[in-house]
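Before anything else, here is the set of structures, which you'll find just below.
Next come two complexes built around chain A: one with chain B, the other with chain C.
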Partner chain A sequence: MLKKILPNKRGDKIISVYWFAVLIIVAGGIFGMVYVFYGTPYDIRELEVNLLINKIADCVSYAGRINSNVVSEGVFNKDFNLSNDCNLILTTDEWEEVQYYTKVDFYNINNANTPIFTLANGNSNLLTNCEIQEDKEYSKLAKCADGSFYSLDSLDNQYIIKILTSVRKAEKNVKV
Partner chain B sequence: MLRSNNKGQVGETMSWVVATLIIIGILIAFIYISVLMADLKKISLADIHTESEQGVDILSEKTVLAHTLANNKDKQQIDQILGEKNA
Partner chain C sequence: MQRGIIKNRRGQNRSFSLRNFLPENRKGTILVENVIFIILNILFISILILFLSRQGDGAVVLEQSYAKNIALLIDASQPVSEMKLYMKDAIDVAEKNGISREEIVKINGNSVLVKLSANGGYQYSFFNNVDVTVYPDVYTEKNYIIKINGYK
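So, the complex of A and B:
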């Protein structure tokens, strides 16, 4: 006698729903991966602060001599403006507040703790961010970097020049 | 007439449940990896290399030039100060 096996249609339906559920889960997972990776902006602030240091260093000192507009005959020019005289355009319409801070300290080599002259430009509020920026929790704050080098003026007076730069622009570089 | 085997159905269902758990586990692992990779989306100066600039630190170059102009006067003292400031 031929036995007929009835297909379990209910079970097939459940498997089909299950299959679609798995597809949705996989699709959701792939969406999540793409969203997380491509939703995170590239953080170029570290690059920016270092480029800013190099740019200011080139402006303040060239070929081992300090720019004669900064110090002339051993006298520092208090009217020297980092943004105008170094051709740095640090303000854009995109931001209400200035997103940069730059500071150049000149030290006598015999007293490297107290600067004899300082040039500063930008939003000085960013300076406070520099001390706590190492903590990952504060990655949304400004990025800071500094660098020092040695240079001479036209009278062969020796100076240590320390440049500090800070860039905020967190909204464009960190996922908020 | 025979009904299909209930034990077989339970086995198949269990396979699906285990497979789903494995799929979810793999997805979570991949999402976690993409979170870690997203954290690495930082470009530093070391990542930008051109043939002319490779391996050249502009500030060090300036210091060397100044030392040359000053005939290495007070070089040791200056390098020590710079070492402390750049530390």
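So, the complex of A and C:
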């Protein structure tokens, strides 16, 4: 024991078992905090959903004009595929299920309630995650973001385009 | 020992010396105790600082950080473009762990794999369907070059 190494006959135990107990408690607290801090993955899904929105927006409409592959002569192309035509790859070997969901709604400028055309791609189950999180965010659910903008087709018809994107990847971004 | 005269509250003269501040034990054991006490405290704080700094520079943290960083860069990029990513800390850790510069970052399909230790490695996927090439910069520079060649 340290007491034998450092004799203190007056009983004034500066270096005592209690001091080491305090040190161990402090060290344990710091180790615990560091473990929790570094053990929590960086959550980049918010950046990903916003990048996905920008990517889709650039694909669907560029410089204020809707892509002619989406609308041609006022007629929407039902064969337009967000994945293939916008150069997106939503599947990966890393995940068994698709971790992305994207939806683009086209609204007539005079009626912003009912979409006149919709493009969707990815795992539609993630859509429910977005509905649940309308009031409060839950980190373990998929991250969702939406954005809207105004655009014209080749005939100068006016549209409001709303884009919704969702990214799950919870296991890689949140401590589950 | 320095000696002097001070006055107490009642105005009476009292002699004082450094001894007034030391206990009556003249063998100097308190000094030894204090020195050991301070050394132990410094040792304790040093170990904590070392632990904290090692955690921040650890391979696991860096692998995750760079894999996600590169995935985001690829997602945000347009073909044809070239990006230089300064990876000094990651390259230093990898070289310390015996991983060559060429093996640090790899692209598998649409996933980025960053490996800084023999048993480690972190993979993160990107959604931009582009053909990417990654390679380290010339030897003296501790950068990694990410080249977006075109859409697949």
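In this text, the second predicted complex is superposed on the first by the 156 of 176 C-alpha atoms of A that agree within 3 Å, B and C clash if a C-alpha of one lies under 4 Å from a C-alpha of the other, contacts with A are read in each partner's own complex, and residues count from 1 in each chain.
We take it that a residue touches a chain if its C-beta (ideal position, glycine included) is under 8 Å from a C-beta of that chain, and two chains touch if they have at least 3 such contacts.
From a predicted model like this one, the values you see are computed outputs, not experimental measurements.
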With both complexes overlaid on chain A, does A:29 touch chain B (first), chain C (second), both or neither? first
When the two structures are overlaid on chain A, which partner does A:132 contact: first (chain B), second (chain C), both, or neither? neither
Report for A:148: first if it touches chain B alone, second if chain C alone, otherwise both or neither. first
First (chain B), second (chain C), both or neither touched by A:65: first
Partner chain in contact with A:109 - chain B first, chain C second, else both or neither: first
Touch test for A:156: chain B only (first), chain C only (second), both, or neither? first
Once the shared chain is lined up, is A:88 touching chain B (first), chain C (second), both, or neither of them? second
Touch count on chain A, higher of chain B and chain C: B
First, second, both or neither for A:42, with chain B first and chain C second: both
Looking at the overlay, what does A:53 touch: chain B (first), chain C (second), both, or neither? first
Between chain B and chain C, which residues of chain A are contacted by each of them? 6-8, 15, 34, 41-42, 44, 47, 51
Which residues of chain A touch chain C once you look at their complex with the stated criterion? 6-8, 10, 14-15, 23, 27, 30-31, 34, 38, 41-42, 44, 47-48, 51-52, 55, 87-90, 92-95, 99-100, 169, 172
Using the touch definition up top, name the residues of chain C that touch chain A in the complex. 23, 25, 29, 32-34, 36-37, 40, 44, 48, 51-52, 55-56, 58, 60-61, 64-65, 68, 71-72, 75-76, 108-111, 123-125, 127-130, 151-152
How about chain A: which of its residues touch chain B in the complex? 3-8, 11, 15, 18, 21-22, 25-26, 29, 32-34, 36-37, 39-44, 46-47, 50-51, 53-54, 57-58, 61, 63-65, 107, 109, 112, 146-152, 156, 158, 160, 162, 175
Using the touch rule from the top, collect the residues of chain B that touch chain A in their complex. 1-4, 9, 12, 16, 19-20, 23-24, 27-28, 30-31, 34-35, 37-39, 41-45, 47-48, 58-60, 62-63, 65-70, 73-74, 77-78, 81-82, 84-86
